[in-house]
Structure formats: structure tokens, C-alpha cells
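Presented below are the structures under discussion, each in the form of C-alpha cells.
What follows is chain A paired twice: with chain B in the first complex and chain C in the second.
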Partner chain A sequence: MESLGDTLWDVVISGTGLQQSLLALALSRSGKKILHIDPNEFYGGSEAAFSLQDAKSWVTHASNGSCGLVKSASIALPEDATGLSPSRAYSLALAPQLIHARSAILSQLVSSRAYRQVEFLAVGSFFIFSPSRDSAEASGLTRIPSTREEVFSTTAISAKEKRLLMKFLKFVLDHESSPHLETWQEHADSPLVDFLQKEFKMGGELQTYIITLTLSLDGQINTRDGLAVIRRHLSSMGVYGPGFAAIYPKWGGLSEIAQVSCRAGAVGGAVYMLGTGIETMEIAEDEVELHLTSGDNIKTRMLVRADDSPSGQTGVGRLVAVVGSPLTSLFEATVEGAPRPAVALIAFPAGSLSTAAGEESAYPVYLSVHSSETGECPVGQSVLYLTTLATGNVTGILERALDAFIHATSDSQAPQVLYRLQYEQLPGADTARAEGPIFTFPAPSPSLSFDDSVLEPVQEAWKKVMGEAAAEAEYMVFEDREGAMDDDVYE
Partner chain B sequence: MADSSAPKPSSSVKLVLLGEAAVGKSSLVLRFVNNDFQENKEPTIGAAFLTQKCNLPTRTIKFEIWDTAGQERFASLAPMYYRNAQAALVVYDLTKPTSLIKAKHWVAELQRQASPGIVIALVGNKLDLTEDGTGSGGDAEDAGGEDSGDARKISTEEAKTYAEEEGLLFFETSAKTGFNVTEVFTAIANAIPETSLKTARGPGASHAAARTEEQRVNLNGPRDPNAKEGCAC
Partner chain C sequence: MADQGGSQHGIARTSRVRTEEQKRRDLERIAKYRELEDQVRAHIARGEYAPEVFQLTSKLLRLNPEYYTIWNVRRRCLISGSFSRPLAGSSCLKASSSTSPSATTTTSSTSCSSSSSAATRPAPGSPTAGTSGTTADPAAISTTPDAPGKEDSAATAAAAETQDLSIIKSELTFTIPLLLESPKCYWIWSYRLWILQQAIARLRPAVARRIWEEELGLASKMLGKDRRNFHAWGYRRHVVQQLESATLEGSSMVEAEFAYTDKMINTDLSNFSAWHSRSKLIPRLLDERGADDAARRAFLDKELAQIRNALNVGPEDQSLWYYHQFLILNLVAPEQHPAMTLNFTREDRVAYLTREIDEIKELLEDYDDVKLIYEGLFEYTLYLCQLEERQPDEIERADLVAWLGKLKQLDPMRNGRWADLEKEYGLKE
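Now for the complex of A and B:
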């Protein structure tokens, strides 16, 4: 076999995170010579999914400071916990983002035919946690009504609030045309909560419902973005079946999409090397010479990589916990004929939690609960992904949220926490950079639902690699490969 | 479920092929999927993805087959293929001793890294090049394997003993004549435990296997109850 150094590569892609992998997919029919490397021994980069063993080595790695955008990673196993299954029965996702049905990534996966290798599951209800106000009242979870039918049938809010909510949902669906446009435009850059208060006279509880639908990490999303996100939520409802607006890729979320994309790259002839990073490089005008950690020296016309230096802004605290209960009541289909959801979302509004030391949660905490259907844990268990802005005692707040959730869901015995993984995800550059033959993707987005802006730099990089040959209309549009056709119509 | 002639429960099984270059991995898939054979096949670049159904008496298994290739030098591709795979076909060429060593290496890696409970079949291919494998008769027990004029270099006994020790299914095949090829896939389909086909096992989930499909979200157009059963995507 010829050696790596004998080839002049059209592009070397460094890292197998989502953006790099989508680029590999986009280039998979281009005929370009592609070398795709990753310094890690696993696929997926910041969007990877881990067995318990993988998670352990990742934590060790992260504490050496060798994962640029991760800090304070640790694992805790309760001493008395039994019932944790073998390592490979788990697939814990670093990027458990839900994907709205109207997201452009889904159209790209369909047009590129890569969707055939991904299993998607429905994301079910959004709930709000309400703390007990006095000892007589239990804390609990309230389902957020987000469709007309749900608003009608809910018993959680008064008739007056129903009318308000309905009016608002109608407004959102039509908010980009007159006269609605004029109503919100003057508030475009101020917080959505203020707009809800001023224009809709909405009280705290309804405001919380609506902010939760936006999944805003600081709860301060502005009116322009907030209305757009809620509109996306509403218009995504029912697209792929009744009763759900978002979906989730089985086996670890975006990790699975990254891997399917790399496989498409490999089918197209790209060469893959894990455990191989770039040691040094020399940049000439239209060529880069790379010295790889494998000892190979190679030449490429372009290098595409991802940014991994922290920007110094507030990061996101994450807690991943495995619990020994299927939490069945969270995963009920609410509409006739709907697929049973595998993911439920719970919001702990700002101020709803406080640590033992009396510190209140300054920002919302979001909890994404995954059933074993996601393939992320064995049957009988669930995986909980908690996220909040990393300010103050973030560890304490996340622990409190976990504890509060566990007690709010169980009427009898509280499910046992079998495993905990904690870390902080640091923000990095938020825009892509093109410098001569080097293209650098921004740092991964901390958002809880997939953000389509992630796709733009991928297409930009693709355009650079393709040069003259780039035909936008053909971006990510492929025929099925031979044999992959769906020949199975039931006789 | 909408149909009166209720279709059999159907599940997808991800299967990966591993083995040294030129042992006949792609040829086995081609035989299984298209019932075809090409004498001097172009080597697969990277990897290919194919699907084929296998009808069992009580259920239908749709194999999603990942054929790896060309990059044995950079073992990096394999983890991506055997991740979440429920079955693996580890192939060697029974006229080539080094290929069994490589196969054992793959078996060890699968046992170490793949999903717990993965069904592994060890397959000795190119049986047609041996005395006992030629043409009609598969019954020449006494061919033994050491006869002159026989290209066989790995005896059935040796590979079979190894397979038994490791708990693998074992077959000798010829992609060229088609001998034993369907049998390998059927045996794998039968060996997949029913429990690993249905991730859905809520209490009272009586048609759990069919439920697996029911929970999938189909991105390909409107949810048609007939298409839903057949289409895995």
C-alpha cells in the first residue's frame, strides 16, 4: 500500500466532531482525496458518546488539560449502588441535543441519504418543575401545553390563562407578517419576558412556560430570537407524526450523526486514522505540510480543523446521571397514534432551586431525561442530562436539581443514582475562520436543541475545498448508493 | 397494525464484516444480497452499506450490512462499524493461514470493544478451492485437508475448535458457488436473541419486536401505516 506521504491530499480534516464529520459527508461523492484524522481514539470529538470505560479515560484526559474546552470533569459512583451494568451497555452523550423537525440538518440528512443509517426517536413532553411552597404541598412536574389541543385540555392553568396562551401561540405562528411584525419589532432586542408582560399581560407562570419552550440557557432570550425559536417549535409539531416537535438520534444523539457522516466519508474513499493528531505544520501559499503524531509527513491543499481555545466567557455546567428506574410516567405518548417518546425535558426555572448553603439558582436548569430506548443505558434505567450556566456553585445547583427531580417523580421509593459524570463545557470562538489554506470551525454550541447555524461553516468549508466545482444546488444532495435501496415492501 | 393480514414483526440488525483483505467479504455480501459473484472483483474502497431481508418463520430480520475494506493498515475504521452492531461476520480465506490469525485478532477486538452480546460468526471462505468443497459433493468427509492438489491450508477441525472455544458460530462457505452463504446469515438471524431486537420492553408490551419499529420516527415522508412496518428509516 502506498504511504500517506506519497499523496497530495485535497483536504485533511482534523477531528471527527459534528462539523468535521458533516464536511466528510458533504465531500463523500466529490472524488477529492481526503485524509480524516482525530487525535482521540474515539469518533465524535465534542459530540462523542461514551461507554463508562470511555468516559473514564476521557475524564482522565480532560483533567490533564488535554481537552481544550472541557474542565473540572469528574465521575462519582455511589458506594452503595449496585445494578450498574457493564461499561459497554452505556452510551453517554456529550451532545444530547434534540433536533426540531424543521431543522435544516434533517433535510440535509435526507437529501444526502445518510438518514437511512440513523434511527430517530420522538422527543416527548416538556415539563416544568415547581418547588413546594410549604411543607403541605409536594413539589411536582407540570406538563407544558404547547399545542392547541393541549392548551384546551390542560388543567394546569385557568381559563383566562388559556385564552392568553392561545392568543400568543397564534401570534407566534404569524409573527413575521403585519400587523404582528409591528407589535414586536420595537421590542426585538429586549428580553422576551418583558415583551410577554407588556404586550400580552402575561404573569410569571405563563412566562415560564414560554421561556422553557425556547430552552434559553440564561432565560434572557431576546424577543426576536425567542419568537423565532417558539415558531420553530410550533411548526415542527406533527411534521414527522402526531404529538411531537423534535426528534433524537438513537445511540447518543449528535455522536451518531457524526459517525454516520464519517462512514459515508469512508464509503466515498476517505482514509480514516484515529489516535493521530497534528504535531507541527508549515504553511505555504496554497499548501500545508503536516507532521502527524504518527510520524507521517504529509502535504495537503487544505486543512480543516476546529477551534479549541477557550474564549473566557461563561461556560455550561453539565451533570450526566444514570438512575436505576425506567421513569415510565415521563415517556407516555400524549396523542393517539404518536410514537412513544424516548426523551422528556424538564425545566427548573431560575430561583426554583437552592443549595444547602442557601444559594438560589440564578438561571434555569434544564434536564433531558432519556429512556433506555435511546440505547444509552440498559432497560430498566434512564440517563439524565442536566445543564445550566456555569456560575456560582454550579455543582451544588445541579446536584440539587437532580435530587429535586428524583423526589418529584417518585411517589414511592426514590430511584437510585447509579453513576454521575460532571464537567464544564467552555465556550470558544463563535465564528469560523478561513486563513489561506486553513479553515477553522467554531467551538461547539452549548444550546440544548440543535442550532442550524452550525451548518453554515460546514458549507463554507465545502465551498473552499470544492473551489470552482462547487455547485450550491448539489450540496448534500446524493443518490442512494447501490444496494442501499429500500427494497423491502411487504408482500 | 392497521393491516388485517398482520405482518410478521420486523427488526433491523446491524451486521459488520471484518477480515483480511481479499478473503471474500464483499463477495459474500454480493452473493447474499444479489446472488451474484464476480471473478476479479474490484476491491471495495472504504466501506459499503447494503441491506437485505431474511425471513424467519416468526419474524423478519432486515440486515444492515457494513462491508469494510481497503484500510486494514489503519484499523481506525472498524470501531465505527462495529459500534452498536448486533452481529459480526469475521471472514478468513481457508487457503491462507495468515488470514485466520487476522480473524482471531478481530474476534478478540470485538469481544473487547463491541456491544456485549454481539453475535459473531467465523467464516472460512473459498471452500470451492478445496477438494471437499468442489462442485456437488459436500460429503467427502475423508478429504481431510492435507491432500495434495488441495489448496486448503486451514483444517475444518482447527477453525471449528477455535470457534467453539470462543462461542462463535462457524461455517465454511464459497461465495463463488454460493455454498453455505445464506445459511450463515440465517444462523445469525436465529442467534440474535429476541431481547436485543426490541429495545421496548415496557410492562405489557406484548408485540415488543414490532414496537421497536413503531417507535422509530420515519423521516421519509408522511407516516403511512404500511410503509412504516417495512421501512427502517
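Now for the complex of A and C:
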């Protein structure tokens, strides 16, 4: 049998994170000699989804300092962990990002035919958590209205505020053309909240609604980016069905897309090796020699890998919790004919939470609730993904958010928290690097919704691998392979 | 809401350019179609409405559901063969005994009797099979009072009903894919209605009722797909009417239908038909609730609050203004719309109208270029003056002039109309 070292590989892809996997998908019909390795025993890299056992191994791994961009990982089980199901009943996502309907990744999945293997679920409303003002009043969740009919139905804002909101929503849809363009251009780099207050005379509450729609982690997203993100949200509304703007891949979010892409790569002839990393490398002008942990010595024209050195900036704190309740009230379809959502998003605005020690949350906390429909936990339970900027007492704040949520949603008995996974995700390089034969993807984005800019480096890498052939080929556009199932169902 | 070029309700019409290959295929399709059509015409020229013709109509209608003659052919095939023999006093008999000896009645009565010999599928269990047999005399059918043997009649009636039910169901199923493709084709709807009428004529009320209830479900589904398909709304009203009737052992469905308009409005505010339907249901709704004056006033308050909330988020939407105007007319023209304000005093009416005008003025704070707001204010101010039997006062005049000015600016195409209003009410500055 030919050994790996006998071939001059066209590209070695290191790591099976989303970007590397999408590259494998993009190259799956190119006929190039591709070796795709991952030091982990699982697919998905920093976008992987874990069974409880896998999560435990990952935490151990991270504690040894082997995951450059993850730190302070730990798992906590309650003393009486009776409700927890077997390990394989769970698929906890490291990247539970929701994908807006107008996101470019969806059109790529469609044109490459990879979409056939992914099942998508609807993401429902976005909510805002409002803390109780006194002990008598329960804290509650308010649905954020983002369509005309939602603004009509909500009882949470005044008539005047409704008019302001409608004017703003109309403005956003047209903000890139005159005369609206001139209105915000001078404020492009200043915070959106300031623009909302100055131009639209919006008070704090409406500002919070709109900033929440942007899912901004520091609440300070600038006007240019903020308007673009909201516009994407609004124009995504109703695209795949009434009442929702975003979708979510079943079985673990982006991990599923990574797996499907690797599968396509393998079908296209790429060689896959899990549990294999790069021990040492020698870089020449137009090729790299790699010594793998498997003992193989190989030569390749190009090496594509992901960045894993922390940049030193503030990271993001995460808490993944499993609760023993289906939380049905959060997953109701609000519009006639709409599918039942499987994901609900709740925002805790800055300042709405304080720990027992009196530390107030300086930044928004976002909570993505996933029902068992996502396949990430068994029926009767739900998975909660909490995210906030890692400053101050981030663990305390996340814990407080979890607690506040559980008490806000339960009428009688608060559901039990069966499992907690905590970690901090550090930022790395935010642009790709091309240095001779080595191409390095930027670090994963901490964003809560899929950021299309993640796709650009993938196409760049593809062009480099394809060389001259790139000019003739269409990126991510394939025909179905023979025998591929046509599962278009006419309703 | 006005029709944008090339689209209806925002659903685009596509125009296609044909290649040579496509042209050739189209010519083939046209040839096949013409052949089918010729075959059917040949059969009916010979007065044949056999099952073979029935099959041909299926093919032809799938290609062209607008060909209404073929729907008629299909009806005749069913009456002359597939449907069970008519009982005494049934619809077929009614056709033959109608006063006008039109061509259709003669053919249908002939087919009723003669096809029992020509049909390849004799109707089993028909009550007249034993007696009239192959006689071509319509009179023979009408003068046969009893079915052969009383013990048999129950069994034969049940078998007849089962057969008819199965035909009715399969015909309804046949039209579904056609409706999905051409949801606004009159002939398909008309055929469905005819089948549903057959259900009433031929089946026991309880059985017929179930068919009609399913029909209501279909109407809702069609409205789910295109909320402003006015065929579907009119159809829905007809179905509801039948379900409420004594023939189907029904009772009033006003509350359910009112709730349905609520649902449709919450899905899409811009639904003229839903608001219109609502306005039509209100008088009956209030009567059935046995609403007294206080209840009616409360109802009006709620409706006004709701439509104001809607106008607050969609002031450019004409269907909302139409509904608001309907409510205002209840106040100012109670003779035509007595349901909610019959016993209001004039003071009441003035108070309500004044409040509405004030509320609408508030919209101008944030919406200063929506012409429908100015039109509404203009019209309602004049109503107020009419109510109080006076001319506009100074402040009102100034307002009217200002609003008219805005209208001239926002809608210059209707300058003629604005000029007329100016003259009529002496509003030249």
C-alpha cells in the first residue's frame, strides 16, 4: 500500500473546524490530493459538538493548556444528578450560532448541494429579560417585535414608541440609499445607541430592543455595522416561512455543517486522519515538509491551518447548562402557519443583573435556549447556552443569569439544572494570513449569529490551492452526484 | 397594495424566453392537446358520456382547467353513469320536470334514462333498475313511486350513498392539484361547488356535513397561501352559509368566523378582505350575543382601539382606513349602520368623533407625509360639522386648508379633486 509520504500532496488541511471543513467541501470535486488531519479524535474543532464524555475529555485537554484559545474550562454536576441521561444522549455545541436566512453560507450550502444532509430548524423570537422592580412583581420576558404585525400586537411599548420603531424599521431596510444614507453616514463609526437617540429620539427601552436585535456583545456596535446587521435580520424575516428570520442546524449547530463538509471532502477523495497532529514542520519556498504525530513524514504544496494563539484581547465567557424541563412556552409558533421554533434567544441588557456581592453586569448577557428538537439533549430537557464578555466576575454573572431565567420561566417549581459546562473562549487573529505555502485561518468568531465574513478566507484559501484552475471554476457550485437522493417533497 | 407591474400581491409573474428546443416541445404539447380535445368533441357529438369520455376529460382538464365546456362534459358523465340512479324527486328528475325545455334539460333527462342501456357500468342497487330497465321514457321514472321491495330499499339506498360518497370524494381530490396550480380559476371552484351540492342532494345530512366541514378547512388553507385571494374569501362565506343552514343541521358560526378574521388580521394587517368580512359579521355577532347598549358601546370602543393601534403602525395602508371609516360611519350614519350606536345621543357621537380626530392628529407627529392621514382628517372634520349642523369654525378652516395643501403636495395627480374640494367648501386661501 502506498504510504502517505510517497505523494506530494496538493494541500494538507490541519483541523476540522468550520473554515477548514468548508475548504474541504469547496475542493471536493477538484481532484486535488488532499490530506485532512485533526489532532482531536472528533470532527469540528472549535465548532464541535460533544457528548458528555467528549465534553469531559475536552475539558481535561483544555486544562492541560493544549487548546490555545480555550481556558478555565470546567464541568459541574449537582450532588443529586439523577435526571441526567447517558452521555450519548447529548450533543452540546461549542458554536451554537444561529444562521440568518439571508446569510451567504446558506446559498453556498445550496449551490454545493451539501444542504441535503443538514436538517434546519426555526429560530423563534428574541426576548428581553426585564428584572422585577419589586419583590411582588415577577421578572419576565418580553418578546422583541421586529415586524409590523409584531409591533401591532405587543402591549409592552406605547403608541408613540411604536411609531418610532416603525419609522426606524422602514429606515433600516432602505438605509443604503439616499436620502437615508446621508442621515447616518457621519455617525458610521460611533455607537448605534447614540444614533438611535439623536436621530430617532428613542429612549432607553427602544434602544435596548434594537441593540438586542444586533446581538452585540458589548452593546456598543457602531452605526454602520449595526444597521447592516438589523437589515439582515429584517430581510431574513419570512424567507423560509412565516414568523422567523433565522435557522439552526440540527444535532449541534455549526458542527453539523463541518461534518457534512468533511464527508463531502472524503467522498471527493480526500484522506482523513483524526487523532493526528503536526509535530514539526520545515518550510521551503513552495512546499512544506511535515512530521505528523502518527510518525508519517509528508510533503505538501500547501498547508492550511487555523490560528490558535490568543491575541490578548478580552474573551467571551460561556456557560452551557442542561435543565430538566422542556420549557414549552418558549417554543411556541407565534404566527399562523409558522413552524414550531427549536431555539429561542433571550437578552439580559447591561445592568439588568447583579451578583450576590452586588457586582452589576456591565455588558449584555445572551442566552440561547435549545429544545430537544435540536437533538442536543433528550426529550423533556433543554440546553441553555449563555454568553457574555469575559470581564469582572464573569462566572458569577452567568450563573446569576441562569438563575434569573429559570425563575422567570417557571410558574410552580423551578426546573433542576442537571449539568454545567463553563469555559472562556479567547480571541485570536481576526484576519487570515498567507505566508508562502502556509495559509492560516483567523480564530473563530464569538458572534452569536453566523458572520458571513468567515466565508471570505475560505474562498481565498481555495483560490490558492486551485491556482490557475480557479479562474475556470465556479466556487462552491456543484451538481448532485449520481445516486444522490432527491428529497424534494411537494407539500 | 396597488398592483406593482408584473406582480399580484407581491407574488411576481415570470416571463420566459423560449429556446428552439423548447419551441419544438411546446408544438408537441399543443398537438397532443388538440388530439385530446378532438377525441372528446367526437364523443360528445355522438352523445356519448361513457366512462371512457370521463377519463379523457380528466386528462384534458389537467392540461387546461379553464376549458369550462369540458367541466360540463364531466358533469354529464357523472350524472349519466357514475352517480347512482336518481331517486324519485332527485335532482335529475327536477331537471327533466323544469318548466323551460332547454337543451340541457332534455339531454340530461335523456341521458338519465337512455344511458342505462348505453353505459358500460350499470349502476348497482338503483331503485329503478328493476322496473324501468331499459325504457327510454323519462315519464316511466317519474311515475314509479316505490322502489322494488321495501326490504331492499334500505340496502340499495345505503349502497347508493356509499357509491355517491366515493365519487364525490374522488372528484374533490381530483380538483385539488388543479386548484393548487390555478387558485383563481372560476371553473374549478364552480365544479367543486357543484360536487358539494351533489353531496347535499345525495347524502344524509350528517355525511354531507362532514364533507362541507372539510371544505371549510380547504378554504382556510387557500387563504393561508394567499391571504388576499378574494375568491377564497367569497367561497369561505358560501361554505359557512351552507354549514349554518338547516339542510346540514347547522347552527350559527358567527363567533368562529369573527375569531378567524382576528387571526388573519394578526398574521397580516394589510388584509382588506379580512377587515371587510369582520365588518359584515358585526351586526349578527352583536345580535346573537344579545348585546345591550352598554355591551355594544364597549364593543365599539374595543374595535376603535384596535384599528387605531393598526393605523399607528401602518398609516399608509388603505384597508385599515376603510375599516376605520366603517366604524366612523357607524357613528355618523347610524341609519345605515345601526349595530353599535343606535341609541347614542348626538353628544355621544360628537364626543367620539372629536376623540378620533384628535387621535389621528397625533399620528402627524411622526408620520408627516402619509396622504391617507390628511384625507381622513379632512373627511372626518366635515362629518363633525355635518353632525353638529354647522359650518367649520376658524380653527377648523385653517386646518382644512393646511391639510388640503399637504394633499396637493403629496398627491399632485389628484389636483383636480383637491381643487373641487376647495371650491365646494370655500377653502381657497
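Annotations for the structure displayed:
Operating definition for what follows: the second predicted complex is superposed on the first by the 483 of 491 C-alpha atoms of A that agree within 3 Å, B and C clash if a C-alpha of one lies under 4 Å from a C-alpha of the other, contacts with A are read in each partner's own complex, and residues count from 1 in each chain.
Basically, contacts are C-beta pairs under 8 Å (C-beta built on N, C-alpha and C of every residue); 3 or more make two chains touch, one makes a residue touch a chain.
Predicted, not measured: the structure shown is a model, and the values here were computed from it.
In the superposition on chain A, A:R481 contacts chain B only, with no contact to chain C. Of the two partner chains placed by the overlay, only chain C lies in contact with A:V335; chain B stays clear of it. If you count the residues of chain A touched by chain B and by chain C, you find the higher number for B. Touch criterion not met for A:G140: it reaches neither chain B nor chain C. By the touch criterion defined above, A:S372 reaches chain B but does not reach chain C. When the two complexes are overlaid on their common chain A, residue A:E149 makes contact with chain C while staying clear of chain B. In the superposed model, A:L164 makes contact with chain C only, not with chain B. In the superposition on chain A, A:I247 contacts chain B only, with no contact to chain C. Against chain C, in their complex, chain A makes its touches with residues 148-149, 151-153, 159-160, 162-164, 166-167, 242, 335-337.
If you check the complex, the residues on chain C that touch chain A are 224, 263-264, 266-269, 309-310, 312-314, 362-363, 365-367. The touching residues of chain A, counted against chain B in their complex, run 1, 42-43, 86, 88-89, 91, 106, 109-110, 115-122, 240-241, 244, 247, 251, 259, 262-263, 265-275, 326, 328, 339-340, 342, 372-373, 375, 379, 481, 483-490. Across the complex, chain B meets chain A through its residues 7, 33-34, 45-51, 53, 62, 64, 66, 71, 73-74, 76-77, 79-81, 83-84, 113-116, 199-202, 211, 214-220, 223, 226-227, 229-233.
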